[in-house]
Structure formats: C-alpha cells, structure tokens
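Before I ask anything, here is the structure I am working with.
In order of appearance the chains are A, B, C and D, and numbering begins at 1 in each one.
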Amino acid sequence: MIQLTHAPIDFAALTESVRSTQAGAVVLFLGTVREMTHGRQTLALDYDGYPEMAEAQLRELEADARSRWPVIEAGIVHRLGHLELGDVSVAVAVSCPHRHQAFDAGRFLIDRLKEVVPIWKKENWSDGSTEWVHPGTDEAVGRKQ
Amino acid sequence: MIQLTHAPIDFAALTESVRSTQAGAVVLFLGTVREMTHGRQTLALDYDGYPEMAEAQLRELEADARSRWPVIEAGIVHRLGHLELGDVSVAVAVSCPHRHQAFDAGRFLIDRLKEVVPIWKKENWSDGSTEWVHPGTDEAVGRKQ
Amino acid sequence: MKTVVKLFARARDLAGAPTLELDLAESATAADLRVVLGEQVPALQPILPSLLIAVGNDYAAPTTRVAGRTDLAAFPPVSGG
Amino acid sequence: MKTVVKLFARARDLAGAPTLELDLAESATAADLRVVLGEQVPALQPILPSLLIAVGNDYAAPTTRVAGRTDLAAFPPVSGG
C-alpha cells in the first residue's frame, strides 16, 4: 500500500497488512516529530508534497526494493499537513522470509524516500521562525532522522 | 518493557510505548511463524522458555543496546506456547533520535536475542514429525528468520 | 510557447505563487527552464543551483524537452520522512 | 552433595524429566557437571558437546562452581525469536 494522507497514520493496520505466512520477519519504521535538532527546539512541522509524483516515486521505490530483496508485502504511508511533536510523519512496513532482508529493505525504503520523494517539511522553531528544510542548500539546517 | 507471554503479542501497544518526542525514529521488528523453511512445511511451532533467566537476559540485552546507541525507549516481548502459522513470536521495538540508530539497535536486539536468550522452538512439520530446533547441533535444521 | 510550472516549498514561497506561466522556446530543455526561471523570477536565484525539475512523475535530465508540457514542476531538495 | 538441575527442550525430552537430581563432589564445576550428566543420563550423550550450563540467570564458565546450587539449568543451544 502506497498512500499520502492528512490523517494520523494507522501504523498498526499498516503492519497487519504486510504480515504473511510466507514471511518470518516484519520490520516497521516510523518517523516521528522530534523536539530537538542540533540544539534547536521544534514546536511543530508542516509537510507539503507533490502528491501525484510522490505516489509514483513511492511505487517505484517499492518496485526497486522488490527487485533487491524477496519482499512479500510492503507498505508506505506519508502524512502531509501540520504535525505536532511526537506525531508519526511516515510509516514503512515490509515483510520478508528472513529478518536481515526485512531490515535491509526497510532501511533502503526510508533512506531512498528521504532522497527522492517530493515531500518537504517546514520547521516551526520555538523562537517563532519558520524554515523549509532543503538538504544541501545554504539556507537549510539539514534535519535528519 | 521486557515480557514473556502466552497470549498474542499486542505489537501496536508495544510500539506506542516506545514513542517519544525525543525520538525521530521508531523501529519495530516482528518475528512471525513462516510456513516454509528449506523446502519443508511447518504446521505450527511450540516455544518453550526458561522464564526467569530469559527475562534477565533480555534486560541485559536492553542495557547493552542502551550502552551502544542513544536508545530513548525499548521493549521486547516474546511469546511462549503453541503458535500457528503467521502468529507473532517476538516483537522488538526501539526508539532513537535518528533512524540509523534505531535500525542498528533493533537489529542488534533481535540478533542477540536469538543467540543468548533461553527460549527454544519445536517444529511441527507437515509430515507429522516434531523436532526441537537447536542451532549448531547435528539434529537440528537451523531455522533462521 | 506558454508553459506552466508548478512550484513547491521554498520555491513557491520565494516566487509568491504556486504556479508560474513562462514563455519558452519550442526547443527549451530543463536546463533552459532553470535559466528562464532565474531571469523571470529573480527571487528564485538563491535556490536556483539546487532547484530540481520534474516532468510528469520523473526527475528531468538537463536535456529533457519541457516546452509546452502541462506537467512541469520545480522544487528544492526534498525533506520528507 | 545433592544438586538439582533443570532441563529444557531436547535435553528434557531426552532425559524424560524436567529436573535431575545429581550427586556432585563439593568442588564440582560446570565442566564436571557436564561429565556427570553424560554418565548418569546416557540419553543426553548426543547433545552433550553443545549443552549449555546456567547458574542463576547467567551462563556458567567451565570453572564455575555448581555443587549445591539451587538454580542450575542445562539446555541445548537456544532458538527463540
């Protein structure tokens, strides 16, 4: 399942959806809104996305993972809009026959998602300023999970 | 949370329990009962454990993970008793500030669990035979997730 | 020819609009589009070197033809996750 | 001295009992316990080389003294997860 949503992510349902009797391992990754980044305090994040392209890129990532590992089921859900501290911004779930495959595929999916999927986050810092995060540009403080 | 249980594992509650505004990443690993292993068909598994020692060893593993990575919260639940195909036998959840820490800590915990925690599984093969799995011994077919 | 480009994130904020209508030569490529964006919307200059161009659902190569496309987008490096 | 050892998994099946009561020398170590187990319960011979000994909640070194302990266990390699 590939999905962009403005609603809270039901990661339990996502995890259930990838379970299979063919799989000995399920890995779920959640990105959550962290309060402190390089000593600066976040109040909230706003996520913007280019939905059609983001969904297409996510489908490509899933296909890419399937070509590299024996993925039984995979699901990726990314939330858009205003997120408070602790909220889940992204959930990646993958099942494979063996555990190292599932760990590797899950890590690949979230690593690549952060590189290629057209979604952006805007920091709402505790000093009242806001700032788009654009890794590699001068303006941005890279925020990595 | 460290727990051995004969009841189905509530992995959603376990995952919730490790979420934190200090964490940007949560990794959940589920071991599930896979049907096919090296071409042989499993009907069910029976897990036996040495509960006091198993819980102590799990607590040590958690402490070990905390000494290696900046773990915010961690939880490990292992099920004992009779498990059907697809059932969750073990759940490991960990939260860290950054995602690679959470992946590494989660993988460490399940890898080490399978090496040191006194829990054993017995295969119920489709041919009607049963067999304790004891890795490294002549009798056992190593069953790895 | 008239060509509309969607903008996202800081690119949209700097341009002050979610889309721009540009007049491109028929032979214009993604590399040309970047130049035209910088000329017609000077506010985009600070992020021009890192600006990504998409055609449809894929990232465009510098040589990809873009004039007249109805599915163009330009945006700074992504930061989802 | 009388010493009780808990058995698990295939060790328990082979011995046909969840615990064994052994008579150990006062100086007996985990290494000695393994030998005594093999002598008194020949059915355990096939798994003796891989049998693990625990004292309390920790794995015992071969030199760990075990006689008289009330928290001994012996079991084959683990396979949880």
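Just so it is clear, a contact is a pair of C-beta atoms (placed from the backbone, for glycine too) under 8 Å apart; a residue touches a chain by one contact, two chains touch by 3 or more.
Keep in mind that this is a model prediction, so the values were computed, not measured.
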Touching both chain B and chain C (chains): A
Minimum number of chain-to-chain touching steps separating chain A from chain C: 1
Gap in Å, rounded to a whole number, between the CA centres of chain B and chain A: 24
Inter-centroid spacing, chain D versus chain C (mean Cα positions, whole Å): 72
Intercentroid distance (Cα basis), chain D paired with chain A, Å: 49
Multi-partner residues of chain B (each touching 2 or more other chains): 31, 99, 110, 145
Where chain C touches two or more other chains at once, by residue number: 81
All chain pairs that touch each other: A-B, A-C, B-D
Chain B residues touching chain D - in the complex, by the definition given at the top: 31, 47-50, 52-54, 56-57, 78, 89-90, 110, 113-122, 132-140, 143, 145
Of all residues in chain A, those that touch chain B in their complex: 11-12, 15, 19-36, 85-86, 88, 95, 97-100, 102-103, 106-107, 110, 144-145
Contacting residues of chain D [partner chain B, same complex]: 6, 8-10, 13, 46-47, 50, 54, 56-59, 73, 75-81
